[in-house]
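Alright, structures below, take your time with them.
Shared chain: chain A. Partners: chain B in the first complex, chain C in the second.
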Partner chain A sequence: MDLNMHLNAPHSMGTTIIGVTYNGGVVLGADSRTSTGMYVANRASDKITQLTDNVYVCRSGSAADSQVVSDYVRYFLHQHTIQLGQPATVKVAAYLVRLLSYNNKNILETGLIVGGWDKYEGGKIYGIPLGGTLIEQPFAIGGSGSSYLYGFFDQAWKEGMTKDEAEQLVVKAVSLAIARDGASGGVVCTVVINLEGVTRNFYPGDKLQLWHEELEPQNSLLDILNSPSPEPMNI
Partner chain B sequence: MSNSVIEVPPKGGFSFDLCKRNEMLAKKGLNPPSFRKTGTTIVGLIFQDGVILGADTRATEGPIVCDKNCEKIHYMAPNIYCCGAGTAADTEAVTDMVSSQLQLHRYHTGRESRVVTALTLLKKHLFNYQGYVSAALVLGGVDVTGPHLHTIYPHGSTDTLPFATMGSGSLAAMAVFESKYKEGLTRNEGIELVTEAICSGIFNDLGSGSNVDVCVITKAGKEYLRNHLQPNPRTYTSSKGYSFPKKTGVGKSCLLLQFTDKRFQPVHDLTIGVELGARMISIDDKPVGLQIWDTAGQESFRPITRSYYRGALLVGL
Partner chain C sequence: MSSIGTGYDLSVTTFSPDGRVFQIEYAAKAVDNSGTVIGIKCKDGIVMGVEKLIASKMMLPGSNRRIHSVHRHSGMAVAGLAADGRQIVARAKSEATNYQSVYGEPIPVKELAERVASYVHLCTLYWWLRPFGCGIILGGYDRDGPQLYMVEPSGISYRYFGAAIGKGKQAAKTEIEKLKLSEMTCREGVFEVAKIIYKVHDEAKDKAFELEMSWVCDESKQQLRKIHLFFDAFNSNPILLLATFCSDDLLEESKAAARTALEEMDAD
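Right, the complex of A and B next:
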């Protein structure tokens, strides 16, 4: 039965994940949908996971694989912090994630974005896609929804943004991807990491800006029946 | 992935070679024997004092219902219970194993088990077997840090949620939860909502059925309400009970005595094996001797009496 097949499919996070550096730190953003085939298994998942006090990772791809990788890296970083005697750097966290992803590339299916702030380098974003490449970037996007954002970022990204500009950019980008990607949805979660510490923000789906052809939420059947039908496509 | 020519010595860990062989065989048309699955609707929700878990009670083996009243809410610790969907053997084995591990851990630490401990033990095990241990679980409990509810998928991923449903009936149950769940439910409201969600699975999903089990866990303790609701009673039993056709005490020996001796004896001993009676009657003015064999009706004499039917001219039933 088709439905059964979908319920037994591996739990994957269709996803849109973003990491952006700004003048003084980083902003990480993600949607909140976890899908099993065609069913939304969790509409309020938290894809931005803590690795240390100052380093967070955005997870995409297989839910199980990304959870296990981040659990192991958190454990290694904890030991490393004890041995080092001071907070771990973002680079070390990213290196550990890359080590696990690359050495187990045959069995893992997960794309991650590591972002954080440390006193040596400031705010840094590292992208670790499928296969286990490590690439340091001023901004990184990942997940199935990222396909719709490459052009957007080419146009909208600029160096030296302020914290608010960067956060608004991330929220706008995730909400654009949610509008176009079926596997992304729910709410937009952002995490801002800088010298002062970590701030989590949450933007519910119905409070986001409406894009092209998106309708206001409608509660009454009368509204739905009376709304104009969409224009037919011109071929 | 390139096919390597060099033989690489196997590293440690589980070998999935036979799993790949099974997949190849299935593609060629050879299907493995069907096993007992719990098609299932399992749910959990967090209410104001703790956690409520619910499950249906049908176990299926392909299209057949093999158990109409199985238990899907498994004990993990005095304060932690786990509902299981998927292959029945897998859910039972994995919850049993982790329950023992938790007991040992309690001995080592001297403390009450925490729900996240059970969660980590389960997810580690399931991830190691890469989804081949087909157990989808709803884990709930109350520990020192408060009430917790988690879902665990066969591949090892977990979610932490205020309300959750799993199994083939999860869509039906989730529809009920999404429309009626709110934070801060009371105990009775919670039980009613859980029952409604399970019933929705029972009546709308073919893999779920029979009765509703509920388990309420709070800081004070747990309450396992087995068969809390039985919305599918057996309606086709006759009120008078069933009787089966009688073969003993119907009057065979009595009949023979009357025919041969022309007398009636109200009380007879039980016929052992076979008894012979004889009588002369005349048919068309010719004398005919009748040999009448009175066979015992009891089942235990069946092998003996059967051999007397051969060559008989007449059989009286």
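Right, the complex of A and C next:
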């Protein structure tokens, strides 16, 4: 139990991040836990970062690396938008993220999901995992919690969902991953991007549905002793 | 509008008292002395044509191209000093490929025009460089449709429906203004451009010329394509040959149409 090592370990976002396209736009979702080894450094972090008015990115892996990459891309995209005279496309944003990830692959450790809406292609999701691959997908999952979601998405994903269906799918998925992955937790943040604009939603952890073997949140274990029939672990 | 700027015209870094930079104006004169270059924007694409004045009868027809492709979707027709033009084309090609490798998509025509204009303008800022002695008509087809730009030696760049530079530019502009470009397809535009070039060609001053044309339109899948043109050596009638995507019927049709048009022109 090396406390020192744990407290000084690099901040890593264990994370679950998701990006899903629906009929008319995209929904991005993420948990909110940033861990330093076993210690939760930030239980309410915002992992969905804005790149432009219409393009957002979900960050996973090293918190520092992903923040720096996002900052650079935001800067380049800002200049690009000014030169172009119109909003940048999601594809260009994803290409820039990929360029940085690939060219610095020896130094960086960050997996990103770029999602947004533009007037030419509509809603698009691009996954950019560790090595700097760029892959356009109808939906993308990333982070340590995503391991538990591959089977779930194989079964639950369908083409052409509505906005509400897509958002419910994302919230459910992040919530399932939080239940199983120790490095994911906290609240679920979603960002919906479409023709009309951007909407952020917030789902507190204690309001999420309980899954198999999950216990009801308790204020204090003393309540069990004071209750009429003290039976701990009573599901 | 020629005037002598005595004393103020020795360097591109000198303004005259009435606010002109004479070296740039002289560069524009180099453009005015070259063969006519025109470009038109039709409803489905761009057509560009160049009146290539032939210096020697021993030159191989089809050599010394004046319309260069910058990227798959865009091309440049150059008037003025050909060597200067080559330099600008090389720079434009390099900008286009660099944009593609960084941003992952073909360079928007507006962006390309701005970069070319900036480069041309750069050479008007320093005394150890001379301005480029060429005017450029840049046509391309990107996500926002077909677009036509013209860049002058001063570095000014505007977007046009129809543009002309070179010897016969005044006459050519008058002819272009008569056309209903918004209703014309590129196929029709090709014949119109050929007719205009023939019309503005000055038989008395410059004997032989070769007509070079290119287009980028829906029919050529939004890519720049050459329109091959051959001279019938005996009676100097152009035989119009639309490259790559045409059939023999069309070739015959084009030949007939070009000949008729020429006859009508001669009759004027």
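Convention: the second predicted complex is superposed on the first by the 219 of 235 C-alpha atoms of A that agree within 3 Å, B and C clash if a C-alpha of one lies under 4 Å from a C-alpha of the other, contacts with A are read in each partner's own complex, and residues count from 1 in each chain.
The rule we apply is simple: a residue touches a chain if its C-beta (ideal position, glycine included) is under 8 Å from a C-beta of that chain, and two chains touch if they have at least 3 such contacts.
Please read these numbers as outputs of a predicted model, since none were measured by experiment.
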item: Partner chain in contact with A:226 - chain B first, chain C second, else both or neither; value: neither
item: Touching partner for A:120 - first (chain B), second (chain C), both, neither; value: second
item: Residues of chain A touched, compared between chain B and chain C (which is higher); value: B
item: First (chain B), second (chain C), both or neither touched by A:96; value: second
item: Which of chain B and chain C A:85 touches, first, second, both or neither; value: second
item: Chain B to chain A touching residues, read off their complex; value: 1, 123, 126-127, 130-131, 134, 151, 153-159, 161, 167-168, 170-171, 207
item: Interfacial residue positions of chain C with respect to chain A in the complex; value: 102-105, 108, 110-111, 114, 143
item: Parts of chain A lying in touch with chain B, wherever the complex brings them together; value: 3-4, 7-8, 10-11, 34, 36, 39, 41-42, 44-45, 62-64, 67-68, 106-107
item: Interfacial residue positions of chain A with respect to chain C in the complex; value: 80, 83-85, 89, 91-92, 94-96, 99, 120
